[in-house]
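After the structure tokens below, expect a handful of questions from me.
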Amino acid sequence: MSNIELIDRGRKSWEWANFHMGIINAIVSGNLGNKPLKGLKLGLSLHVTKETSVLVIAALKLGSKVSLCSANPLSVQEDVAAFLSSKGVEVYAWKNETDSEYSDNLNRVLETGPQIITDDGSNLHILAHNKKIQGILGGTEETTSGLTRLRALEDYGKLLYPVIGVNEARTKHLFDNRFGTGQSTVSSIINLTNILIAGKQIVVCGYGHVGKGVTTRLRGMGGIVTVVEVDPIRALEAYMEGYHVKKINEVVDKADIFITCTGQKNVIRNEHFKKMKNGVILANAGHFDNEIEVRKLFSNSSRRYSIKPYLDCLHIYGRKIFLLSSGRVVNLVGSDGNPPEVMAMSFANQLLSIMHIFRYYRRMKKKVYSVPENIDSVVAKLSLKYLGIGIDKLTPLQKKYAKSY
Amino acid sequence: MSNIELIDRGRKSWEWANFHMGIINAIVSGNLGNKPLKGLKLGLSLHVTKETSVLVIAALKLGSKVSLCSANPLSVQEDVAAFLSSKGVEVYAWKNETDSEYSDNLNRVLETGPQIITDDGSNLHILAHNKKIQGILGGTEETTSGLTRLRALEDYGKLLYPVIGVNEARTKHLFDNRFGTGQSTVSSIINLTNILIAGKQIVVCGYGHVGKGVTTRLRGMGGIVTVVEVDPIRALEAYMEGYHVKKINEVVDKADIFITCTGQKNVIRNEHFKKMKNGVILANAGHFDNEIEVRKLFSNSSRRYSIKPYLDCLHIYGRKIFLLSSGRVVNLVGSDGNPPEVMAMSFANQLLSIMHIFRYYRRMKKKVYSVPENIDSVVAKLSLKYLGIGIDKLTPLQKKYAKSY
Amino acid sequence: MSNIELIDRGRKSWEWANFHMGIINAIVSGNLGNKPLKGLKLGLSLHVTKETSVLVIAALKLGSKVSLCSANPLSVQEDVAAFLSSKGVEVYAWKNETDSEYSDNLNRVLETGPQIITDDGSNLHILAHNKKIQGILGGTEETTSGLTRLRALEDYGKLLYPVIGVNEARTKHLFDNRFGTGQSTVSSIINLTNILIAGKQIVVCGYGHVGKGVTTRLRGMGGIVTVVEVDPIRALEAYMEGYHVKKINEVVDKADIFITCTGQKNVIRNEHFKKMKNGVILANAGHFDNEIEVRKLFSNSSRRYSIKPYLDCLHIYGRKIFLLSSGRVVNLVGSDGNPPEVMAMSFANQLLSIMHIFRYYRRMKKKVYSVPENIDSVVAKLSLKYLGIGIDKLTPLQKKYAKSY
Amino acid sequence: MSNIELIDRGRKSWEWANFHMGIINAIVSGNLGNKPLKGLKLGLSLHVTKETSVLVIAALKLGSKVSLCSANPLSVQEDVAAFLSSKGVEVYAWKNETDSEYSDNLNRVLETGPQIITDDGSNLHILAHNKKIQGILGGTEETTSGLTRLRALEDYGKLLYPVIGVNEARTKHLFDNRFGTGQSTVSSIINLTNILIAGKQIVVCGYGHVGKGVTTRLRGMGGIVTVVEVDPIRALEAYMEGYHVKKINEVVDKADIFITCTGQKNVIRNEHFKKMKNGVILANAGHFDNEIEVRKLFSNSSRRYSIKPYLDCLHIYGRKIFLLSSGRVVNLVGSDGNPPEVMAMSFANQLLSIMHIFRYYRRMKKKVYSVPENIDSVVAKLSLKYLGIGIDKLTPLQKKYAKSY
């Protein structure tokens, strides 16, 4: 495809996503007059999808300059990259980057001198810290995994600028992580394998927001789910929702599919590969590609080949194990990623948090902040409005009652 | 039935509940040696069900004296009352109490000089405050509704002793309020009416823990649910779970059944009665009988009669409205209340909180406390053990990873 | 309760059911002028519930005389019996009949000289055949179990009069057996035990219409269901619906609850009792009380006592087994039976089938007939009308297309 | 991609599908010795997917020669076509055929002189009849739509050879049409649009096997479904399953997505386009592209362009309407089609039916036959075996009971 064709297709992809992300448009419209991001250099490390293009174009409209790399070597949609490039964004991202290319691209974004960094997984934040980059006013982070790392930095007293943990907005994690990733993970697995979910024995590791979304949608497709957890209360919740709850070793030889959603490493390990059924399918829905011990899977297999892109067959310990998307986050590799309706909510929090930092960074400390309550609330109300949902209000009598004894 | 027969039946009811509440037994067994409640006078206002009898017997075994009244005039199971009485508990409760009898019984419990008060709804706490009862070391509270009132007392600087808000233990509200009340509310409505839930248009007011449980179970029975909310984020969650979300006035003339789960008053009001369909059914799953404006329903109806106990027909505004359990909490009036498995979790928190207060009250302040983290955790682990559920543990490597960046 | 109070309560029960059974009223209204059952003596063996009272009153209004006994010794609602008696029906039924009383009552109905017999389970039909009762013009049968017996009679060439198998109307078995029995079985089990369904391991034997309904509703309450079947295609259906499908011996020692829905005998046998978990609960949703081998359960137990009515504890093989409703059909013993909305559909088929036989018996043969297609269709259309559901019609073009190639 | 690469990829696709279609392999293994299709010329019109390649290779192994064209201009997977061609199959199919190319390809298959025709939609059968092709011994048909046409032929006395209606095997339509098409339709819609299903208002036209599957999976993804039907009993079933049931005109202006599953033409017509919401999405899950009146949609739109392949935007009547896969069967165009597990069941019926015809055609009449009962039964038993599901058997006592009265 020629570059002009790519750009055109990227523009159409943006239009399509934009059509379903009315909240972002509402925020842009309400702030176009004063261009609140005027003069800002924004550095982004995000999955380069059509939904991200809506955030980027919005930032441009509000006055920002933007440089962009990917948050994952496999999650770049080429048409979107071409389109954003044509709009003046410095794009350092292409499809199927090697690990070193991916790393180079992170560095290039830092070389553009970003003042605010918006990250997904915090590789860019950590690199900025390791390289002691100057001039950064603050940052935001999209994921649970990234926030774990930033909190560790903060605990060690090493955080260099204020960060808003966008993931912790209720209008982010309750919707994007659960309903978005739930749908896109299941549809990606179907996409890559075409197998029937109905009747399959599926182990889901981790029952946080992502795990809850994934299990719900697997059940919705007819799968029989067993949850593996380390947290007692989450385990009890899964149990009462009607899922099997077991230790991984109780089910490792019975499952047809394993899906990791933990934010932890080595959740599915070499010791487990030895016991799995022939033909088992492994997928990861967490941010990093270390939830499944992929390196051991590769190094211990006698043969490895691709059935089709992102569906690999490994001959190991006398059986076939099928690995999806090389163990990288399956919903971004195997399909177009999370739906625009939930990304609108996440990115509205991102956009408003960026505006908040750019305005208030002087009075912010070097710590990880929650999303300001009023931002969460604005996003919720805009979402309702965009979806056409009416809700009631407390009467004055009821407000008084809520304060009485 | 003779009193001896009643006692025998109450004992069997206790045995049945006890069989399904292994956690309570585990706590009793582990503390029988030191009798940690020895010397304590405990005053309880709880629904007098077989599950409550398990808590009461446990408190007796641990050394306490107990006086007991009901938390609701209609929720007393007579056999349980007789059985507890035979065990030396001062029981001031009987079935279908009048409002003034109910009120007298609260007073009688206070007259026994309780040192710790365990309440459900906080009528007993409020009365103790109004009467400025002396000698109370502390208290606990079981419900959302009760805690709202105690927090109001605290905010006005009027709280006279420390209170542990048992409802806020995660092992309480995530399970009892949701899975317990969800099941018991739906089964009570079926019990009282025998109508088919499948295909019915049902409005659920309030999408908190109880509302979530009730909507899930209604859908599980084939009902079509519309959620009415005042909180934007809860409204969005309900929407994404696939429920209709509307203002009450958009659906008031279309619904077959209304269920209130809000902790608010006058949620369904006279203005709504005027627009409802002929034959509509009204039920309340909240603690107090003011969520539906029952007084207006009675005073404005031209005729009112009972079809069977707790199923009343009101002729009002040219139609028939059917009211369940006089607007009182339907799951305790229309059936035996919440299942023993979840009450075990709630009452384990109660029992451990009572032990905590009796041991530490000297260093506690006149405020509303959360359930201590370690109590919540112990209850979770005992529940898993009792249910036979195994969960995994983080490896040392994983623990380290959770702290790294 | 005095008889007058019983009658009054029965009348109110009838009114309540009648309010939710608009189809029956529509049929009565449309035929009141010509009294099509004038001169008919109708003999009924049906569960004496408020829904049945609606059928009986309808038959009276259309000109019939009626005698009535129960279809099960435990399923009589006394107020309904009193009310129908007060209306001139010959009622031979009371609550908790002994087996010999139940049998006597069948005989008494035959002694009234019925011309058409409407049966539920075919005990009355079989008795009429055994006693070679004369003067019977035809009959109808409500259940799968009863039709199996009548077909056997027909196969042996012994059927003495035409019978319409009402169970085989699509507007009967697709709704009553599935949605009706599904709801009432689950709510009865909750009623009798108060246990939490969520998280329980439940074995359902039989995946016919009743089994499908029961599994769906158990899942809707959070239960984990394993289906036991003998038919391969039904087994595959259950598998793809996401249920476990296993041989009974694979799960007999793991289940918390067993429910039989097969129409077969000795489905749960003594060999199974020996392997069950302590505290297991057994319930039968089939017509006859032989699906669980109750006799062996009783004779081999060392102790047997009632915890409350219809919840028995048996000490057997070193464990406790809890039996519901003595192994009799649990949804009629543990609650008020199937909801009026589905009974309206079943009894509309009954009423129209009775009218059909009374009109056409001269030209009918001694065989088991399906419900005439036009009756099924009338019931479907009346149901839609009563429920306020609009459906589209094929356009002339579409009708033509359906016949083209 | 070079042809060698295509063939290699096609081979891997076949291997993948073959791995999940153990039933077909079992049939081949059991018949390899006698080559029951030796000497047969088989003419196929099927979707050229990897699952179809498993059927074709099986037919080759059993001795047949095969010529193949597609059942839909858009549903050809190129790698599969290349692979089958390399195996000696006469393949007349490529991706994105024009209508005239598609038609030419049907003719080419007829020119190879097929003795048995296996069709999906019956275009090949009808063409064979129109051209009065000689030498055809019999045929099979995969779909509801195709069987409607063949039955019309039969009714007009014009059917020229025996046909087995494979769609009518219970092991076909209960699984492929429902669970297969249900999953693949929903995942295709997600694939093509990336929209969130949760919370969407979706109209499903038709509640047959496909409609039931599609509605179940849409609900499983969080969608709110309204069913439109013309059959009263199907409408009642949908209602009791908890779906809205309405006339199309009651919802045409409220829905976000429409999906047709009827086998009828012009189900969504120009009159409906005028009333739809801006941004509505239209998809067809039926065999032919006439369920949505696509011609009128195209001719009455002021602008039409492609957002991405198979996702078109039409400006019409002042709004945007988005059409998926040009109105052709969305699950085969927007994804890889139905999963191998269900296609194994369908194609096992096909393979055994082809063997049946080749053996018994001399004694078969020119009519549409059901799949022989024993074939259905063999497929069911093989499926259970392949899935590792054990089922119980009736005891001798139970067999006798089933025949008793």
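When the chains are written out, they are named A, B, C and D in that same order, and each has its own residue count from 1.
The rule we apply is simple: contacts are C-beta pairs under 8 Å (C-beta built on N, C-alpha and C of every residue); 3 or more make two chains touch, one makes a residue touch a chain.
What you see is a predicted model, and the numbers here were worked out from it, not measured in a lab.
Asker: Using the contact definition stated above, find the chains touching both chain A and chain B.
Answerer: Correct list: C, D.
Asker: Which chain pair shares more contacting C-beta pairs: A-C, or A-D?
Answerer: A-D
Asker: Centre to centre, by mean C-alpha position, how many angstrom separate chain A and chain D?
Answerer: Those two chain centres are 36 Å apart.
Asker: I'd like the Å distance between the centres of chain C and chain D, where a centre is the mean of that chain's Cα atoms.
Answerer: Centres of chain C and chain D (C-alpha means) sit 39 Å apart.
Asker: For chain A and chain C, what's the span in angstrom between their mean Cα positions?
Answerer: Those two chain centres are 53 Å apart.
Asker: For chain B, write out the residues touching at least two other chains, lowest number first.
Answerer: In chain B, the residues touching two or more other chains are 179, 196, 198-199, 219, 222, 239-240, 387.
Asker: Touching residues of chain B toward chain A in the complex: what are they?
Answerer: 122, 126, 148-150, 152-153, 155-156, 170-171, 174-175, 178-179, 228-233, 235-237, 239-240, 245-248, 250, 264-266, 376-377, 380-381, 383-384, 387, 389-395, 397-398, 401-405
Asker: If we count contacts the way the header does, which residues on chain D are in touch with chain A in the complex?
Answerer: Chain D reaches chain A through residues 9, 12-13, 15-17, 19-20, 50, 179-180, 183-184, 187, 190-191, 194-199, 217, 219-222, 279, 306-308, 311, 320, 335-337, 339-342, 387.
Asker: Help me check something: in the complex, which residues belonging to chain B touch chain D?
Answerer: Interface residues on chain B, with respect to chain D: 196, 198-199, 219, 222-224, 239-242, 244.
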